């Protein structure tokens, strides 16, 4: 089986960006993509410099993503897919432009900056012949795929509790870094602060693994740092249609936490626990039995490249999204059916519905609100 | 300095009880108490058997705690203090009887089964010449004392977040053990299930260490196990007068958890983390500095008996309460002033106020309610 | 079943001692002993003060353990057992005196300060009608008892490897504390420094759990701290008759370690791992299966007093020795047969044989020497 | 700064190989290399298939590495560097061929299969104008670089103890996998089994971080699995010229271990501890102070690509070797001086000296032998 790399473009991810380089490494790691075009920055000079540094040819470097979508679609050697890693408010117009040009889209989260845009994009994606992939990368960790499968087949019994949290400390003080600036600007980030930036990851992961979307939630949002326009901490209670309950805590002001995503799910007969600090360990605890430390090798796991005990982490998990996107794109191009667990439009809409519900609940003094009917 | 052991009696704690033996070991560990009288069970035969097994003389074995209070108070060699470790609803009448007899009381938590009783007991205790100690034992762990001191002196900066949880799994299935039976009976346990049994511990500990009582809370209480008359899981959000926020999760239906009390507090400049599974470790994380693992010896700690690395745990922490109670009792008897961090009436009232607020919030579909004004 | 506490005396353990108080707490914890006589110090004044503080009556306070043995043996209410917790060189004469007086002995380790004494004591004990118990307390941790049982029944397959270590840091610098002083004096401690003080614990534990005594060992002993007369670090390789291999590292100069006893044993089909920092966890790893975290409750364990998740530690483990000694003493007094896993004379002789072999190997530039044929 | 990828070839690493793919990912991860030529297998058909799968053109696919070295050196667009990831015995002739052709070599460990070859290669490398890099990848973990720097600047005081271990379980049973087969064949692997395959990693890492090569060692080598021609377990004691002592344990038959490399170094005033299972954590313990958990961000660390809390692992560490090799190659090509911590010839010779010393000691019943004078 010979792999010809997929021709890839990128929107956003110029100098000073963090996530752009992550997308590039993830695309490159399994040799399934070749990055050949880009609109990396809205500042022409920075765009040119960034492209040169990455090795994108000047004639494939665009100052405007709309031009890029049009011109690349017209080239016989044009890009087949595009990675979108801009601030949130650009996700929608960029994804729209490429999807409508028939170019597959791999987009960072949250999918859009408003729920309205998310729903519009869902409509566009449905009509497009191109794929849309959302980089909820945590759901591509092998151990969390395993957890999902275990829950789906009933290893935990009916689910009672979903406890998820995502704690960071990098916004504990006022910051004017590039990363902090747009995330704190509702016009760019959307109405959510921590709930959009990391809460959506936690929410998606809980849904992905448990298989359940909460019916209602009650949220208490806080902006601890003076002058911050969006929340930097959220306490959220959740209720599921089945009677299960949940809690989600996300914070960007918890000193000593790094990128502390943690998921615990309890059913009638067993529980699972996973923490990002040790991403290759999944704890499985059956009532009355010793806790089992599930690792690669002990349970067979797809999505890893090296033997157990050779730590894989964030970039490898992110690369799994890209590797699977490559498979899905090639299958689509070949007209073949292809099943996938890749996060996509549905996850994106649910993420915005989550943000929307949090905002509505917070405005109603943490009253229970329905998720998805805002 | 020669210690004459304090003459101690016990109410409750007969055969089949769990916590009675804990109180006895804790009282004995530092050789400050001698257990010489008891009303260990309401069943005369079980009472006699239990007393004999423990080594209490038949003439000091009482079938009725009221008789015991009266007769012991009248003896020249009568008990100086009593441990109360009955089901919750007996705490009030027993504590009342001994306090009014001038006998010092060391009582298990929650202090009473109703808020009304708690407030009445507070009144009684205020007028009594005897001391009242409540065995919120976790607050006597040296590392949590250290955490409290660090927060009080500002090592964390102004507090923003209090995350506390207490998860167990022993009630994940229906149970008719003696322990489970009275805890599930509102007439004996009070209105709270998990919130009374373990939630009050979590609440007290968070208050003790942070130095703050929440102003309001919003609670979602659940009874997962069919037929259970009280909650076995609670998600609770908390708001403090300072603007700080908190979350408390307690559960007795989380498979794989044992006695999972965990406390994390975050201030503007630093955080602390403590988990019961490793009670001798306190994590201290200053923003931008490596996490520090505070252990005995590295920071001087009172309340330990052996060098660092010789694990102390639950019984030693519980014994700290007894050792300090002995000091307080001897000081009171000598008419000496005595400062102490021992939990007491105030903690007890607050515990019942917590339960009361949870119930009121739950009845109002998790609306925010004031704590302490029910 | 009514327990009358066993009348206990103590030799050593006066003011400033560490291990004396550990023995007293351990004896007291399960209410099986009453401490009523003592020769706590060789300095009469300190002896009197120490006894008063502990609550031993002046007429049962002796300046000479030989007198104590004789007089207590003659009293109708004399002690039934004695705890010996002096520096090592006193163990032999004291144990001899009490055994010959028919008083049961509970003695700290190493059993004696010379191999010659150890073998002499073995002879004395064999002829005595009293019991001899050696407080290798780690072997009384429930999880290590479980490990022993698992290995004995073949859960690991034939044993290939025994890796044991015991690291401390309290002697990393020159010290003139009372504890350090006698341990560094070969006349009091014996020829071994770290190998005697902690190496014997590691050696005994490895033997207890694995069921195997090494046939030969090769040792490299070091005194890192200038002026120290005994080893403070030892690297030891071990060979077993079965073909199994082992390594033992003990050190008192490893900064950051506390009381770091750790045992790993690997068989053909599975391994176990235990570390003193988390004494209630035993890891069990079968080849090709997830690691299992064996805790109380998941596997039933004797020797614990509280439910799983309520940490028990050093003092409880030490108390298990005392509780079992009480059972053994009462059985002996009643003339009943009694099986026990209590460490005793055999462990003591083996410990001195271990020290002796280490010294001989070190003198022969780490040559392999036989264990037990010095 | 525009990076033109370095043209890379590969010897070995065809289908069924493990480490070949690791080299390819590592080379690709930071976009500093383009793999365009290869002699991936000695079986022509497998070679062609492997090359096609990877995307190497047929005209750059060679059945003989000597031909490849000659022809690529002659092409204007020939490879600038080559990765050698064959079984050990091919390292020497392949490295010789490419170095003599002026092509930079990145070679897997151990450097050769005999000490004689290693010394010969050292001579060749000295005379070559091309670089030689040995992929002792663990030394490129940022935390271990930090540890090295801390020790070099005296943060631990004079070093007393070096404890290193490397435990696996994949050879606990007889295996005829491709990986196991050549590793068990002394003609291909060299005289060392576990000592060559993983012991050299442990030895190099201890030397790299401590800055010290042991002067002498005493080794006990074992082949536990029947029929195995080389050691699968080794207990090794080490002595340094400074008076420091060490121990190295490597095993491939320890059930439940995965790829358990662990390093602990103790100086007079502090210690460090690192374990491969959590590669981004370095423990630093100063005598009398709380242990510090050094992570990225808390201490600035080069060689990482994502913020703290986004786990990096084995592939990223391996990629650090490649990224630094790219810098070194470009500097060499530009005639610029370039300092580097890259492992190379010296590490390779030391590795073979280590294997040689272990074999000599084992043949002399674990006598102390000099390292490097065999």
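Order of writing sets the chain letters: A, B, C and D. Residues in each chain are counted from 1.
As a convention for this text, contacts are C-beta pairs under 8 Å (C-beta built on N, C-alpha and C of every residue); 3 or more make two chains touch, one makes a residue touch a chain.
To keep track of the chains, here are their UniProt names: A, B, C, D = Predicted oxidoreductase, Gfo/Idh/MocA family protein.
Everything numeric here is computed off the predicted structure, so don't read it as measured data.
Colleague: Pick out whichever of the two, A-B or B-D, is joined by more C-beta pairs in contact.
Modeller: Of B-D and A-B, it is A-B that has more C-beta pairs in contact.
Colleague: Any idea how many Å lie between the Cα centroids of chain A and chain B?
Modeller: Centre-to-centre distance between chain A and chain B: 43 Å.
Colleague: With centres defined as the mean C-alpha position, give me the chain B-chain D separation in Å.
Modeller: 56
Colleague: For chain C, write out the residues touching at least two other chains, lowest number first.
Modeller: Residues 257, 291, 295, 297.
Colleague: Which of line, ring, star, complete and other names the graph you get from chains that touch?
Modeller: Its topology is that of a complete graph.
Colleague: Which chain B residues qualify as touching chain D in the complex?
Modeller: Result: residues 284, 288-295, 297-299 of chain B touch chain D.
Colleague: Can you list the residues on chain B that touch chain C in the complex?
Modeller: Residues 1-5, 18, 21-22, 24-25, 28-31, 52-55, 168, 170, 257-260, 276-279, 295, 297, 305-316 of chain B touch chain C in their complex.
Colleague: Please name which positions on chain B make contact with chain A in the complex.
Modeller: Where chain B meets chain A, its residues are 156, 160-161, 163, 169, 172-173, 218, 220, 222, 224, 233, 235, 237, 239, 243, 245-247, 249, 251, 253-257, 264, 266-271, 273, 283, 285-287, 291, 365-368.
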